[in-house]
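To keep things simple, chains are lettered A, B, C and D as they appear, and every chain counts its residues starting from 1.
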Amino acid sequence: MEEGKVYVGNLDVAAKRARDILLGKLKLEKVVDWANAFSLWPVHLTTSCCSTEFAATFGPRFDGEQFGALPWVGPRQTNLIVIEGTVTRKMACAVRVTWEQMPHPKYAIAMGACALDGGLFYNSYNVVRPWEVIPIDIYIPGCPPRPESVARAIVELQRKIRGRRVASSWIREGWRPDRDYVAPKEDYCAWQKTSPLLERV
Amino acid sequence: MSGAELVEGPRDYEATLKAARARAESALREAGISFSVEEGKGFVDLVVDVDSIVKAAEALKNAGFTHVVSVTAVDYPKKKSIKVAYHVTSYLDPEIVGGIVGLAVYLPREAPEMPSLSGVWVSAEFMEREVYEFFGVTFKGHPDLRPLLLIPELAEKRPLRKDFVVREESIYEGVPERVRRG
Amino acid sequence: MSGEVRVYGGWRDDLGLKVIPTRRLARDVYEVFIGPQHPGSGHMRIIIRVDGDVIVEADPDIGYVHRTMEKLGEIRGWIKPIPLFERMAIHDACNITLPYVRAVEKLMGVEAPLRAKYLRVLLCEINRIAAHLYGFAIFGVFLGHSTMYMWAMGDREVFIQLAEELTGARLTHSYPIPGGVRRDIPQGFPDMARRAVKYMRKRLEEYRKIFLDNPVIRSRLEDVGVIPKRLAAELGIVGPNARGSGIQYDVRIIEPYEVYDELDFEVPVYTEGDALARTYVRVEEIRQSLRIIEQVVEWLEKKPREPIVDESIYKKYPPLHKKILESQGRAKLLPWMATMKVPAGRAIGRGETGRGEIIYYVESDGGMNPYRVRIVTPSARNAIAFKYALPGHRVMDLPAIYGSLDYFPPEADR
Amino acid sequence: MSLAEVAAAIIGWPPVWQVLVIGFLGSLVIAVLAVWFERKAAARVQRRLGPYWASPRLGGLLHLIADMVRYAFQYPIIPRTVDLIPFLAAPIAGMVIALLPLAVVPFTSNPAYWPLPPSAMEYSLLIALAIVTLPPIFIIAAGWASNNPFAVIGGVREAFIIVAYELIAILGFLGAAASTGTFNLVAIVEAQGGIMWLAILNPLAFLAAFIAIVMSTSAFPFEIPESEPEVVAGPFTEYSGLLYALNMGGAYMRRFALSIILALTFLGGWYPLVPGEGLLMGYILPSVVVVVKAVIVVLAISFLRAVYGRYRLDQALDLAWKILLPMALAGIALGLFEASIGLT
């Protein structure tokens, strides 16, 4: 409690009590998992050329919106991040920052061979593996993957969320134990501090 | 909205190239700049001295070459030099439109430095930044010389020089040495 | 900033054209970073400085998709860069690889047979339409017109399907190879193509109704992002953007490659130079591409089938592959191609992609790898247009200008 | 009097009832319906299915419930740089005040069920309009408190839009008052029962009011403060979880409240039904008619998304000041003229 602020209570404690009551006593786990599964909103983050196939996924022929996935603009309002292909050194920081800006529970799909292990660019000097940057839930192979497989990945993710109770247990525990094996943020964002782009006059 | 204008029919590129080359050579001669010619397929390179390149560029610009299509740098470790070629062409002059002429210069591989031509051709600005980060060529007088595509720590390694080696692709990769020998 | 003349618009004719210096900024302007995670930027960042609602300076910060094509092109032999370079503009795959193949062909001294040339043109035009439709889709969503996005994306699938029938892949066709192409047209393809052409003509009319003649869209585009002819020539911008500014330039006319000199088509040029003109150029180009597809398909249907690779390469085919080529029209890639050597020399290959002129400078030292491949993609050349077209406009014009330039970062960053 | 009776009396008191039940619960349902309709109608125009697989029989309606539940349970992020109190208060206050106009509008001509005493009812239109123009201030506050460039730009745009549309909305609704010669919403509705709806009698004022509603709730083609390609989510860029849902819900509730006023003033209110005696005939059925009319207006606004793009800010303001303002004034003049020849 800082001085000079109106008393709003300890938000963390209040939130913990609220989720204990809601999830524990009211048994809302299933509802939460169901809601998360059918409301996967991918954030607008285009890392590479798979974005064309991602765009086609939400076009009329394949229509990803029928699974409840609505591409949305700001990271704060979304819960799914789709890595669309290669992640370069410069983009890695943006991916990480976007991931950290999203409220949990949140999920990640890595799309394309480049997101698996570099793909065609495995020996490029400017490419990082996305799984080092953020924790990935579902991988889609292919270069580029067809839109059907993107839709399939969304369905797989729904199955995973509902089958393993990913969302509700994440909310109850506050974190996901299998999600923490990524490199520190400084590895990818340190260059921004020395970047001449951000020099101020 | 005005109606669509139409470009007249197909042209003969060989003739265009010949005209462009003649135009460029005469412009350089008039400016009193000595040059040598390196032939290529579909273009021609006019190699000049570093000191006279700004004058040469101005001469070419006045001769009607409006913009740079590519600032091409090639690293020759054996010759210990880096070749920087400004491939220029014209949009507006109907005689030479599209004919690619290169204004090339050889720089020493250690500490390559040359005057920037972005004052003459505005379109060279981003391409010079590219050459700067990939080859380490410093362009004196460039308004905004900083890496364009790479993060700074990678740009310091000058990735397109021949001594920056990336892992080679080979059908034997990952195969143990014993098996590889047979 | 008092006492100082502010020149909005970035350039003035009476001052002469100068390079706009960046990063010298007064303290009373607001700096907004648009991108790389931003719905209006794609895979790039535009750093804009706004004075009130007016952009005074724009600094495109590209390179977020730089995947080192030029370096990787130097270590993969002569054939394998084809699928590599395809990834630059994945929805314009044939257009973007063909110039490289032609540069290699120039060095090798081989030439594709006539039928292969027609096939290349066929796929190029299919790809051009698909690329323009993709551009429309993105443009639509930038202007808040989600229906345009969906329609263009849906109609693009028609041409992707057409390309898939022809090559077997949705996007990454790897269709042209040095000395030929990989497949002949399948059974029933001409009719399918004609149906697609007919359908697209009808749809273009509907696009006009809902998008191009929509009063809201028109008022967003007219007199926005004007690039005058002289400025366009100085900046060296390419493709529909240049042609929207009145520059009569199209590689298919300037350096007619493949069979473009035998086909009957027009190159539309508008003189306004604003966002609307650039959009109209693209619409007209779709029309012309439909015309070309009709002609090519007719030619392919009439003429008897012949080998679709150059004779010098055909001779090296083993009997089994010859049989496959003759009976099924499929040209297998042979093992020697992976290690083939190309005579020393330099060549520039260029072509007109959906977004404009692409240039490959290929240098060979006679070895198994290219010594240097320099790629100048259309978007890389258009990137500088942001710096000059944005200042003087409102922030809300940024998506309109961005979309009308049809900029594709993976292509620009290579 | 037991506690239950007291509670029932409080809930049953028309202003509370109208705000809580018709306003809050009704507009929650209607917000879900409207978003669902928006997405489904757009999908139909765009030749696709839209949300579907959560409940194929309901046409994917449950996807919207899923979105709401998901928002409710997502962890709300409050950045360290925000101004905490306005940041938290803005969405809540915005939503509550968006519903307050419903505390003063009548849903029936039966005086027993009026929310205000008859003497105050004389000025019900003015009171409703006065409250209606408040909520955008909280949107600006939300943008300012977020301390994010996009949010600030979005807030500034909202401010521009407010100044333009507020006047037009009020003048447009005053056109109805001019036609009927009263500020009493009941009298305005009653006047339409006799001859014809004011939407037809005074189309200028109706159009001005309708477009002002579209503008004020930032629906297409005036979705300028939240315009995605420039300012991400505008004033709400930093909001996440429940707070964002409140913000978005607030916009729909304001649209609903304004639509109810529009339905009363221009679309004939509870007509063709003539309220009688008793709770059912005197209150419930007339209010259902009004709500149905308002819902039609809300859905019509939702449909615009599929057809139009987004105006630029200065173009929208141009439209407001140069076309709509004179139109609204002409609407008043027309209303006065009609009243003077005794048409209404």
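Throughout what follows, contacts are C-beta pairs under 8 Å (C-beta built on N, C-alpha and C of every residue); 3 or more make two chains touch, one makes a residue touch a chain.
Being a predicted model, the structure only gives us computed values, none of them experimental.
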Could you tell me which chains make contact with subunit B and subunit C both? A
Chain located farthest away, centre of subunit B as origin (C-alpha): D
Give me the two chains with the most inter-chain contact pairs. B-C
Between subunit A and subunit D, what is the separation of their C-alpha centroids in Å? 34
Just how far, in Å, is the C-alpha centre of subunit B from the one of subunit A? 42
Cα centroid separation, subunit C vs subunit D, in Å, comes to 46
Length of the line joining the C-alpha centres of subunit B and subunit D, rounded to whole Å: 61
Which residues of subunit C are in contact with two or more other chains? 23, 38-39, 63, 66, 68, 71-72, 75, 150-151, 154
Multi-chain contacts only, two chains or more: what residues does subunit B have there? 147, 149-150, 159, 164, 166, 168-169
Among all residues of subunit A, those touching at least two other chains are 59-60, 73, 90, 123-126, 197
Among line, ring, star, complete and other, which one matches the pattern of chain touches? other
As the complex stands, subunit A meets subunit C at residues 43-53, 55-56, 58-61, 73, 75, 86, 88, 90-91, 94, 97-98, 120-121, 123-127, 143-144, 146, 197, 199, 201
Complex interface listing, subunit C residues touching subunit A: 23-25, 36-39, 42-43, 47, 61, 63-68, 71-72, 75, 83-84, 87-91, 134, 137-138, 149-151, 153-154, 156-157, 160, 170-172, 409-410
Which residues of subunit D touch subunit A in the complex? 39, 43, 46-54, 60, 62-63, 65-71, 73-78, 84-85, 88, 228, 232-233, 236-241, 244
Of all residues in subunit B, which touch subunit C in the complex? 1-2, 4-11, 13, 16, 38, 40-43, 45, 66-70, 72-75, 87, 90-92, 97-98, 100, 118-119, 121-123, 125-127, 134, 143-144, 147-150, 159-160, 164, 166, 168-169
Can you list the subunit A residues touching subunit B in their complex? 89-90, 123-126, 191, 194-197
